[in-house]
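Structures for review follow.
Two complexes follow with chain A in common, the first pairing it with chain B and the second with chain C.
Right after this comes the complex of A and B.
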């Protein structure tokens, strides 16, 4: 437990420092009184409006924000796991965004064009989306294994290939919903009700089964990486591929398998977005959850449960961000907090040095 | 037909400069061994700051301030990667995310608008195009000469291939890398400034909408050389202009070849080139590795 806390400390410090810096940024532009109100609004919107709950006892004041937080956290968990799993074998999956788009568009097509009974339909949608994401990640993995192409470059390229093909062609072209009385004319056709992920809190919130799936995915990934032989092999490959090869581990195979799992997670994020909240592939996906996955993986220290933790926290802030608009702060403000926290995590060695110096002072005093 | 070609040529001259500057900049940084996937964020900083500065001063000066802003973002990247040996890809992506959010935040907080800054005076036109268009012909040549024909360039290339060897010669590796990354940021800032002062007359919230990543693609496509990167950037700009031109002049063709496929082409081509060149890739040998003076 102490060890876990010690490992989480730099991330926690980074988040606290980032929150402080962003608070000052709002204070300097909008006045510090407003900054306090805006941050309070964000927190109530993120983790439940507890003061109002105790005032009038309406559970919606707490459940609605928490539900929205969970909805966002589910997506961040999946893309975060995607990046974290690839990290485990030493690959940097910048392509989660592209894999997510491919998964989302496949989920939208299977959800709208195929007719299947309830549970089966959801399962098939999720399965095909995961497979599509995995397939989209297979390319960079094979290029890496056989041609030595760096995965950072190839996944960046594939992100933009996905944007161009999905959003500039498929969604505005062949897959575009035909306007039929229904007002929605942008994006693809609506998915069938049988393909929608069931809502967990009824009409109170958009929180859906995706949240449960994300929790399960994080737990299973942790179990796999920490407890199974294959997970151990992946870690060995990530730490030192030469040593792993000498120990008889098939490095190339590990890289390909891990990258496919990473793509599957990102594809699932896309499916959960489409089947859980959007119910179609919209004209543009909006928030770049795939890139957020990089932040989740690194702030979470590459550990599946760390990813889950940071996704829950930043998912909450995301949900609360919309409430900051009342105070003249753009709703994407939590992304600034998140980006800055990531930058500070990237500066890990600065923290290490700082903490070591503090520890030394402590020791000198004792 | 001739008119069409002239129009196409003219729109390439307008669209290429931001990409050319950013691609040449990225090349300088990577030749020194520092990965720069933060070009997008540096361009955004340049575009925003140039537009804001031009509200208060003549636009050409604003462009210079935009360059400084790009260099400032690059300074953070250099400091984290060189002084603290942080992961270069992480640092670059983090800066992208910070700049994306910071631009939106400042737009709302300072100008009370989620979309754009107020309009500024655009750069004057020289021979029908912005001065930056003509500068885009000069910069790659200067960079090419600097990289291939000067002592600084020789050291720069050596630092990207085998920094230990250069250190033995008495060259300060970190200082050289710092200068390359700062230059790269200034050029990316110039590219961004070109978007907000020459292409348009204001900063818009989506800028540079992926051009930074396209610049990285151009650098790879151009095999990490300034002239190659500039050529690839121009080619990509041509592809974009062609797809937009076709959409208006020959919409029938676009039912056969969808516009999305044309837009995907630069990235797909870069992938193909990488796949074909494979391990013989032109990437500098020490790219992405923090310099460790203990290593021999």
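Right after this comes the complex of A and C.
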């Protein structure tokens, strides 16, 4: 436990430091009164407006922000896991965005074009989306295994292929919904109600089953990596592929499997986005959750539960960030905070030095 | 003159250095000897600015100086050549040597000037190295020369060599010592960190013995013997300089491994057979195909030719299959091949055997079984500290090696391939590892021993194959061992 806290400390410090930096930036440009108001609004918007809840007892004041935070966190968790799982075998999956798009469009098609009874429909949509994401990651994995092609290059390029294929062609071409009445429709056809992910809080919030799935996915991934033989093999491959090979572990197979799991997670993120909130593949996907996954994985230290933690936190900030606009502060501040935190985590060396010095001082005092 | 006065340095609870004082005079050859973890390297790392002492001070010509970085040490004329070289493999010798103080012309690197400077340095210091050669094309011995030239080129007056002969052939070691002896006679102070008693007795003008972070003795070579030094290093009266197991009993079993016209990369057309209950030694100068042979037999390298294991012909062999058939491997480079430094001792004990009890229960890791087996192995092989939850990277090199040996032997192998098993180990660890090899042989295991230490090969083997340029140039039974003949065959020299 202590060890886990010690490992999480640099990430926590990075987040605190970037929050402080942004606070100062807002304070200097808009005045510190506004900064306090804006940050309070963000906080209430992220983790529930507790003061108002205690004032008038309306549970919506708490549930609505929390629901929105959970909805965003679910997506960040899936893409974060996607990147983190690949990290574990020593690969950098920059292709989560592309895999997410492919998963999303498959979920939209299966959700809208196939008719199945309730539970089954959701399961089939999720399954096909995960399979599509995995298949989309399989190419780079095989190229890596057999030809030594660097996965960073191949997955980045496949991101662009996904943009062209899905958003520039399928969604505006063959899969475009036919206009009904005089509504001009963008994106694909609406999915059937049977394919929608059930909402957890009724009409109060968009929070849906995807959030539960994300929690389960993070827990299962942790369990797999920490408790299973195969997870142990993956970790050994990531930490020292040559020693893993000499120990008889099939390094190539581990790489391919891990990459496919990474793709499946990203594909699931796409499915959760489509089946949970958008209910179709929209004209454009909006936030680049696939790339945010890189930030979640790094800030989460590559650990599934760390990923979950940072996804919950930044999901909250994203949800609350929109409320900063009420005070004239741009809503992209949460992303700025995330970017700064990522930068600081990447500069881990700084933290390690600082922590070492603090530990020394403490030891000297003791 | 350099003085290290009352230096202490702790790492956590461990005192690496405990009130150590040492003087280094110009022109002397000081040997710093002691077991692994005795504090030799730590002490020199303090002088070289890599470690900062908790107490005590470093004095240059009587003046206390804080050496904070290697750059400051270099500026004060102290250079250090580590066991692991710090050269850029894709640059040339000249580029490496001038790195950090490059001659330039109009803001551009003046390569011709660099080559000229380096050639001049090499000539002046008596080294024969091609300044235009790329470092990765050089042998280990030549790379070490480049490291030394690099230090001397900076005008170093005190040169620290950290176990320089660990990677060298006997000839290269001799050459190293004759060159450095000449340098010291012209005023350079040389500090040699070593635990090879023979070489320090021949080379040094003064000896300082360290044990468990303390300096326990300082003697002149003429006033001592290898036995006395060994006793000081180990702290007991019973250690000997050559802790080799006694003579080998004759008696070998059936053929377990047969190789015919085996070839792979540097290995050409090698045929031999290996019997149960024998130690087959491979002698040769570094880089003559021994490494490739070990890799082929353990499934790490593709090959052509015929390989039969236990009567079964293997057209190809994967590391997993080799293990499955009962081939264990103690590789040369343990940090690269044998252990995952960032995993715990327990996790490393399971490595390669993690799929079966006591390390696994079905698809799950069996944590209790793994912990129990690890504790048992750490005890049986005296791996210190006895803590299975430590990162392997935190263990000393000797204890890492003991851990690897413990793990590989725990699998009860039928064939054991060991490469350089005692390289860099202290006397006690060397004796332990050699005794284990001997035990395995007695158990009926077939052992293939690759070592660059000819004494070791001769002491442990029933039979020796001499390798030169990837071919077998001699095969001798124990009764016919002839060091001089083997030496000639190692160098590819025909009989006169």
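Heads up, the rule we're going with is that the second predicted complex is superposed on the first by the 364 of 366 C-alpha atoms of A that agree within 3 Å, B and C clash if a C-alpha of one lies under 4 Å from a C-alpha of the other, contacts with A are read in each partner's own complex, and residues count from 1 in each chain.
In this section, contacts are C-beta pairs under 8 Å (C-beta built on N, C-alpha and C of every residue); 3 or more make two chains touch, one makes a residue touch a chain.
Keep in mind the model is a prediction, meaning the values are calculated, not measured.
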Simultaneous placement of chain C and chain B on chain A, clash or fit: clash
Which partner, chain B or chain C, touches more chain A residues: B
For A:54 in the superposed arrangement: first (chain B), second (chain C), both or neither? neither
In the superposed arrangement, which partner chain does A:295 touch: chain B (first), chain C (second), both, or neither? first
Go through the superposed model and pick first if A:340 touches only chain B, second if only chain C, both, or neither. first
For A:173, decide between first (touching chain B), second (touching chain C), both and neither. first
After lining up the shared chain so the two structures overlap, which partner does A:242 touch, if you call chain B first and chain C second: first, second, both or neither? second
Taking the superposition on A as described, I'd like to know which of chain B and chain C A:32 touches: first, second, both or neither. neither
Given 24-32, 60-68 or 96-104, which one is the stretch of chain C whose C-alpha atoms run into chain B? 96-104
State the interface residues of chain A toward chain B in the complex, per the touch definition above. 25-26, 29-30, 92, 94, 143, 146-150, 152-154, 156-161, 163-170, 172-173, 291-292, 294-295, 298, 328-330, 332-333, 335-336, 338-340, 342-343, 345-350
Which of the residues in chain C end up touching chain A in this complex? 298-300, 318-324, 329, 331, 336-343, 347, 350-352, 354-355, 360, 363-365
In the complex with chain C, residue positions of chain A that touch it: 227-230, 232-233, 235-236, 239-240, 242-250
Complex interface listing, chain B residues touching chain A: 35, 37, 76, 80, 84-87, 89-91, 93-98, 100-102, 104-110, 112, 114, 210, 213-214, 216-217, 220, 258-261, 263-264, 266-268, 270-271, 274-275, 278-279, 281, 283
